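Alright, structures below, take your time with them.
Okay, so subunit A shows up in both of these, paired with subunit B first and subunit C after.
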Partner chain A sequence: MAAQLFFNGLVTGLLLALPALALTLVFGVLKFANFAVGAMLTLGAYAAWVANVQLGMPLTASAAVAAVTVAGAGLLADQLAFEKLRLRGSISLLVASMGVSLVIENVCRFFFGNASRGFDVALSRPIRWEGLRINQEQITIAITVAVCLVAVDVLLRFTPLGRAMRAVADNASLAAVRGVERRAIARLTWALVGALLGLAGVLAGLDRSIDPLIGWNYQIAIFAAAILGGLGSPIGAVLGALTIGVAEEMSALVIPTNYRQVVSFAVILALLLFRANGLLGAKAARK
Partner chain B sequence: MSAIPALSVSGLRAGYGRGDDIVRGITLDQAPETILAVIGPNGSGKSSFVKTLAGLLDIRQGRVSVTGTDVTSETPARRVAAGMAYVPQEANVFPSLTIGENLKLATEFLRGRAGVGPEQREKVLALFPELGARLKTRAGDLSGGQRQMLAFASALLANPEVLLLDEPSAGLSPKIVGQTMEAIVRVRAAGVTVLLVEQNVAAALEIADEAVVLVAGQVSLRDTAPAVRAADLGDMFFAKVA
Partner chain C sequence: MIAYLVTIAILVCVAALVGLALNLQWGQAGLVNFGVVGFVAIGAYATALLAPQIGWLPAMLVAGAASAILSAGLALLSIRLEENYLAIVTIGFGEVVRLVILNEGWLTNGALGIPDIPRPFAALGRTIGGDTVFIVFALALVAVVFVLLEAMARSPFGRVLRAIRDDATVTAALGKNVFALRVRAFAVGGAVMGIAGALHAFYLTYIDPSQFTPIVTAYAFMAVIAGGRGSNVGLLIGACSIMALLEGTRFLKDFVTVIDGVQLSALRLGLIGAGIVALLILRPQGLAPEPKRRAADLLPTEKGGV
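Now for the complex of A and B:
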């Protein structure tokens, strides 16, 4: 029982890893907490649902549609809202992201209603391994997230654009006088973050039914994961996501599963009280 | 003096937000391959002036040209491509990037800038040999003097015509200040025009060809460095700001 919960927790953690990484990238590069992270995940789930169920595309192609759609939405939100407020400070941007979140959520509600929906995927038997029950969706989530994390790591560490993103995160003014156009890096960040959240939406849609609140259901855990890891630290976001995922699942041993979000709240509360910079926050703060 | 100044500033006015002008009508030309020291009392607008030249502070009025090219309405990034490099007073390297990454980043986005490439990198690393041996060290782990050298090197990789330095001696020990000033002289000898904003007046005038004294955002005195050194700066430095 405990081993199964731990395994499920790791998969939940992987599911949280992409949106937590997206949240921390926006915080690091664009310097605000993007409250629309859950809504963008919801948009990804619906975009993939339209491609998969209504247009009959395979789930892999639908995931690509979701990534492109949410990347486009991120770029549009940047163009219409965030870019104009960039010099107004992080609180203005946070409030704007709440507005973007409401718009996206209600656009989804307008077009798709409140009914629960699911992808058109073949049912498959779970695999039994060392006493663990592993279903196909969990394998898909694990592989997809692992590939995405490696790709983002390669982008950030070994490419000029990744270096520029890290430089802007360190010191945007200095990056500008080293020839890096902040506007271009902001757009790149939104495209990357949108793609990650689009894919996260597809994975969330595999894990549970799709409705206008699917992203909101993950929102607290995503923030808890990113804060736990230390906002602005990509590795911290992934470690935080895995920790929150395992903690939430393991909490089923002591509290009813309906209350498992309490774990995320408790983590945020504990961090605010005892370690506001998160696990890797000292490093991130030094930047 | 060459017909075209390396740096030309005309009627420059700038300030923060909706506040009053901090830079209040500065006009000056700087000949190529010279060091022009910009000195003045605290709050005289020296750092604001150099930030305005670099494009980090919006110009309200006036004009800035680099070797005859008007860069007044260009972004900071485009000013670098036009030949103007800037080393801020503090936070002048990217601490989470390695020395090698800092140096790479300094040229990766300079499309069309002539003279940027492996040859320039070799020349710059020859000026600062200690950097080449520590390319994998995180810049955040360097001492103040080493950071200053990395900042100079990063700026010089862009093969600038004009190098803007904002108080490079700030926070450094006297020994490191001496090394920093020597490095600036080497930079001039390599053919770069240096505008040196400096609080350490003696050190700046020691290496400068000319100097301007800023008071309340305006040029109060301009002359050769020896003449400014000989002048009585006390009245200017301690005069009430208008």
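Now for the complex of A and C:
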């Protein structure tokens, strides 16, 4: 029982890793907490659903559609909203991202209604291994996330774009002096973040049914994961996501499952009180 | 038709109260509160549970006090946090309140909600029309809260809150206890949100968790941004225009047949989101900007007249 919950928690954690990474990247490069992560994830799930169910494309191709769609939405939001508010400070950006979140969520609701949807995938028997029940979806989630994480890691560490992103995150003015254009880096960050959230949406849609609140339901856990790892730290976000995933699933042993989200909230609160910079250290969280 | 206008007017009153509270917390003191709906829900539930037992006025006061205490508690834990973190803690608080209300059925009746909440002046309402009495009550409540908050904004307390918002370090250097002042501002805002929840419960006479979604929070932010952060008069204008516009669109349902109810509500909520972004970009100072109060205005003039 405990082993199964731990395993489920690791998979949930991997699922959270992509949006947590997306949140932390935006925070690092653009310096605000993007409250639209959940809504962008929802958009990804619906984009893939349209491609998969309505257009009959295979799920892999649908995932690509989702990634491109949400990347486009991220770029559009940046162009229309965030870019114009960049100099107004993080409160304005924060509140604006809440507005963007409402717009995206309700665009989905407008076109698809409140009904629950699911991908057109063949049902498959769970694999039994060492007493664990492993679903096909869980394997898909684990492999996809692992590939994405390696790709983002390589991108951040070894490519000129990754170097530029890290430079802007460290010190935007200094980066500008060295010829790194913040505008271009912001756009590329949104494209990358959008792609990650699009894929996360597809994986979330595999894990549970798709409705307009699918992303919102992950929101607190995503923030808990990113804060746990230290906002702005990509590796921290992944470790934080795994921890939160396991903590949420394992909490079923001691508290009613209805209160799973409270675990994330408690983690956030405890962490901010006792170790405000996150496990791996980040920008000061206190005023 | 008249009943419909009354409904809009009272929803505007509730929104105005919530907005006034957020305007104190965010507009004047600079503290982001994304958990507005949680405090409104606490006020509404406290009222619903207590009003049948102890009468409407004590219930409403307890609602305000309960919300204020929880506000102060949350503020004590989190108000030192940088705004991005404060935002997430408050949003998490709102979600926790929702979960508790949904799951603690022994107290809140879970998803079924609480019916038969008594209205204030119900006896008087039976003789001269319940809606008339209630609308006067709602308007009076807004007026009282407005006068109190406006007096507070002009008082030394309001002044120091704005000083903290504009530069906390300088204010602290002047010997002000920034932490305690922020907690107090948050608590007062919480009290007003609790009272707004009470008004909501009184009007509907039935509450359930589905009435308390993050949309309440979004409405409040929209009203504050539209009115002008820090300006109470602006807030009232903002709350009235936004709510009248948004609730007015409910009318469309009777005329527009192309889109259904879900789509209409999606459209309305999407417009709030777009409105928040557009106002932030195009008119950050709001419809009625915060009045600039100069030191000279506070001093007595020498020749009796400016």
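In this section, the second predicted complex is superposed on the first by the 281 of 287 C-alpha atoms of A that agree within 3 Å, B and C clash if a C-alpha of one lies under 4 Å from a C-alpha of the other, contacts with A are read in each partner's own complex, and residues count from 1 in each chain.
Definition applied: contacts are C-beta pairs under 8 Å (C-beta built on N, C-alpha and C of every residue); 3 or more make two chains touch, one makes a residue touch a chain.
Remember, predicted model here, so these are calculated numbers, not experimental data.
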Partner chain in contact with A:N258 - subunit B first, subunit C second, else both or neither: second
First (subunit B), second (subunit C), both or neither touched by A:Y218: neither
Contacts of A:R163 with subunit B and subunit C, given as first, second, both or neither: first
Partner chain in contact with A:F119 - subunit B first, subunit C second, else both or neither: neither
Subunit B or subunit C, by number of subunit A residues touched: C
Partner chain(s) touched by A:F32 [first = subunit B, second = subunit C, both, neither]: second
Shared contact residues on subunit A - subunit B and subunit C: 286-287
Contact set on subunit A toward subunit C in their complex: 27, 32-33, 35, 80-81, 84-85, 88, 90-92, 94-96, 98-107, 109-110, 113-114, 216, 219-220, 223, 227, 231, 256, 258-259, 261-262, 264-265, 268-269, 272-273, 276, 284-287
Subunit C - residues contacting subunit A, complex: 30, 32, 34, 77-78, 80-85, 87-89, 91-93, 95-96, 99, 102-103, 168, 214, 218, 221, 225, 262-263, 265-267, 269-270, 272-277, 280-281, 284
Touch list for subunit A against partner subunit B, complex: 160, 163-164, 166-167, 169-171, 173-181, 286-287
Of subunit B, residues touching subunit A in the complex: 54-56, 75-77, 79-81, 85-86, 88, 91-97, 101, 104-110, 140, 154, 158
